[in-house]
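Every chain is named by a letter (A, B, C, D and E) in the order it is written, and numbering of its residues begins at 1.
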């Protein structure tokens, strides 16, 4: 039976049909965080995004697509997210063992562009035939032709909601409109979360931000209204507030591999700022399996309040 | 029973099917201006257009999507207009309490372009499934590739009219074809209203204009025929005339937050020039709720003639 | 019962289905020129093309969409052509009183481009639901990307012929491929008529041309074969010949408002050169109604041979 | 009853459905060359490609669309090919008198581009409703964006083969990839024929080539393997070989009007090199009708072996 | 009855429907390598890619489309792959004699571009009507607009999998993102294989690579983790590992014609590195038929372990 917290979260999405609510419920009710309203998701699209060696050489077992889904299952994640190939390689053999999210667009790094667009590499029909609970899509706010992305996402979101799937949006600022620091600036991150929410995302994924404020107009507003952005917890709070005052699930991604203490401190900030959880890729699969199970276990305990 | 004025306004749209007439009637017959043929609409797309902090930090209650629909209901507006995310966040819980307009295209400000195009972020099917009375779409006359916008609107208008929805067009001159002053010039504003009307808009939304005349050819015409454009009331009249001699509903938007006296004076000019009303965003939700209810109340009384 | 001349003209289009023939017959059999095989059509797209003030300020009654359809009816024109908004504003109220042609693409002048493309602003489905006898579409031969226009027209023509509508093509040379004089050169005008005919137009609309010859290769041909192009009548003849040896209806447009004598002389040249008539906008609606009725009456009498 | 040669030719296309074979058989079995496996086709798209005066002023009877179809019938051609307008102007009146090929893309010369793309001006549905045996499409190998053409042709070919029509591909090298001489170079012509064959053409139309070799890599190959390309007959042979070793019908076009002796010598070279015939436009319709009938008669007798 | 090895390979694709598994099984169970899990495929798209003379003049029998399918059958290849024209020329006459792969996109060399895109020249429907077991598609990772290719492939893959066909992806790095050496660099080749696998390819075709490492980031990773890339066998192993740890079939292509010893050494390296076989075009059909049968025979014996 659904917990009160799960019921509350689902109530924010009441305009969606029961199919999408069911798949959101599957995400909320799976793994060690089942029923808590918190998320830890394992995403593995780095093979496409950065290439196989950069992604998997640190832990060669990770070349095998079975490795990741098993890691996600054993560690008690809420879900496993990956591009078509990796999902196809496991969907039949692990059917029903963990919610799957099909990452339907991808971008490789064999050509270095200032304003990336990525490519749709699979579709809502693939998500359905493979038994996934939803799709994942990356937008790059700040790029010159971002409208192509927003419109591509619009079509996929519309089809997903009609098919009763959930929609997870990776909202990663990039491109000519931003400085390098601006990509993780607090104002830009909060704006990116708002955009994803307005585009109809059920779950929003952003990066943890710095206290840099990118846009001149916004800087004045932050100063005038004394918006607290100094600590990571402050900034998580502001991003949650910017996601419909907390009425949309927003989770945070980690970035490159870093030491365990840092990762756990980030999880604490996410928890204390009211964030809904972590989507944690390289910090999982680039560690050895035992190390990764331990790290994910600690994060989960932080979210459950079992670890300070 | 429909008032004579409502019947008159509906008679201008007799080529449309009864579905669209019904939804226009819902707009005309809701709120404190019901039956008068006048409109006050609350639009909230600034979260997408300008970012969350610039939009909602002045009144943090406004981060919550419920705030706006409740404000629109309590103040007695004719309708509430917003992008997909904000509408989805309230459509089920407030079903039937106020006419909703789905703003189906949007543009963010994370990349600064001279000729904005925006993106379609939701569709006519979304408007239908969410119980909306119509769609809203922004065109930018004056931009280099405006034909993409006109053609995108054409498809949405066609689908809306077939589905019995109403179509509200935000006609906002911008882009390489115009000087900065030209964006709010009276000739350009009147032209923008005409374009929206020719594109089949049921309701046209333009900005209040200045007495600047942008285009050389038009300047001669204004001079030769002594078209009065000196006062705001004059210019409202000219825009109404340019909207099929007053046979299309044209409403005016306010722009950035300003002092109450200015806003009320603008409402008086709209009324005295024969305009059909206001679409008033930042001047509503960036005020505190009591202030905003008072301001909207005053505007409504101006349109009802209860306030000089 | 159809006259012999109407039957003859229809016989040129025998490859089309009876639906399109019926609508062509409606055009041929309406107004004061009914049965003669001649045409006077009132087109009013200047509100979109040049803006409301430049179009309607000379005769402010013309801001009202009813003005034009009434003028077309009272003057005995064969048809009234206008964009979506103007047609929607009258189609229901004047249903069946005059053949309507929906101008399905338009171009505004708020951005000045060397190679205009225009935008599709309504469709064949709109023409059907509004009771029109056909669609109108403008191509700009001579522009760099004219293939977009030809392909857009191809799709609309195909849909129109399947739906039994007629197709009127405005063939207006423009763009980087031509000098300013070349836009109305006789060789370019004849070529533009040929292109429209090959694209499947039922009725071709071109501008009256000058005796300038634009293209070097063609100049040699005109010289070698002594093609007469000196008088306006000569040039009308040559354009008619270039429209499948007179087996396609080709009508001529007037351009900016000019004095009555000039307009009537042009009509005489059209008649004497074997042209099928006039499509006359600004010279109609920018005059006062009595003046315009008189002018249109004179033109009609010229075509009927009642006026030398 | 089909001749052995016709049966042999049809056997090369056995992967196509009986509908397409039937229409190929209609082409093979019509006119004075019926049953011989040879072709003379009259194509008239010059009105669109070069303009009416340059095309028809040398023989003004040719302005009339009836002229061409009658010429093709009287001279005993296998087929008549033209754009939509010219075909519509005769299809009903001459129904069943001669196989018609609808030229579905066209390019005008009012704008001079280095890399022409042309425009689709009619479709497979038009070909069907007009009783045509097939479509014709021009590709320009050597142009920068030729992939648009190949993909457009792919869609049309696929639709044609599904509908049981035949597909004739004009393969005319042009564009930035080639020098002026390269457009008719033997290596480029042979390559153009191969491309058309690989794209699924039933009948390939190329220009007669010169002994120029354009591409450096190919020049080495021609030298190393001693490929004979000195005489026109040699080059026809090489093009036929390059068209699947003679298992695709490849016909040759003439180009600008030239003297009778030259045209007949070209026909002899086509015959002696194993070519399948001629597609001959300007050399037909720019002559007077008696001269043109005589010329076509001579060509036909050359192909039948009745004239050395 | 399927061998254990065939069953094992098919088990990697269990998420696909039985139709696709059946066609993969047809490839695995045909020719002299039937049941071994190894492949030798004859691809002949060089007529389109490089032109007829450069491709076929070394062995003129190869101009005839029948030559290749017969060579593939006689030599005991698993399959024959070619563009539409070549497949249409043989599909009916050799129906059921060898699995056919329709190469659905192609690129010619008449225009030299840094970032090639190719063109779709046939479709899944063609593959079905011609009795093919699958489609082949080339992507060019490293090109600026590679997303067009990935999205085109996505649509074709989706349609193929729905229709029960197999999908073979030629993954050939090219373009502005890479140096000339980078096109065959080991890191780029491994990345290209990973991309194809993530895009849902059943069979991946890459070139044999050099020990050059192109990308700076990756160079560090190869050094840090001591990835062996010195010998060709090492590099084949790394590419196989990068193809889902060997759970996707990856085969290697040869390139320009070279001496027999080299070709056989390459086959040995493929075998010893755990590669799944060869796709060998020019080295087959540019030799005389006896030489080519002997070479292919030797390669097959290497894969069967009958030849060291």
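As a working rule, a contact is a pair of C-beta atoms (placed from the backbone, for glycine too) under 8 Å apart; a residue touches a chain by one contact, two chains touch by 3 or more.
Bear in mind the structure is a predicted one, so any value in this text is a computation, not a measurement.
Chemist: Which chains lie in contact with each of chain D and chain E?
Modeler: Output, common partners of chain D and chain E: nil, no chain qualifies.
Chemist: Keeping to the contact definition above, tell me which chains border both chain A and chain D.
Modeler: Touching chain A as well as chain D, we find E.
Chemist: Can you work out the whole-Å distance between the CA centroids of chain A and chain B?
Modeler: Roughly 36 Å separates the two chain centres.
Chemist: Using mean CA coordinates as chain centres, what's the chain B-chain D distance in Å?
Modeler: 58
Chemist: If you look at chain E, which of its residues touch at least two other chains?
Modeler: As it turns out, chain E has no residue touching two or more other chains.
Chemist: Counting only chain pairs that touch, give me the topology of the graph as line, ring, star, complete or other.
Modeler: Looks like a ring, each chain touching just two neighbours.
Chemist: State the ordered list of ring chains, commencing at chain A and continuing via chain B.
Modeler: In ring order, starting at chain A and going to chain B first, we get A, B, C, D, E.
Chemist: Along chain D, where are the residues that touch chain E in the complex?
Modeler: Per the stated touch rule, the residues are 12-16, 141-144, 146-148, 150-151, 154, 158, 162, 173, 175-178, 187-188, 190-195, 197-201, 215, 217-218, 221-222, 224-225, 227, 238, 241-242, 244-245, 247-248.
Chemist: Spell out the part of chain B that touches chain A in their complex, as residue ranges.
Modeler: 47-48, 50-54, 57-58, 60, 63-65, 83-93, 106-113, 117-123, 125-126, 130
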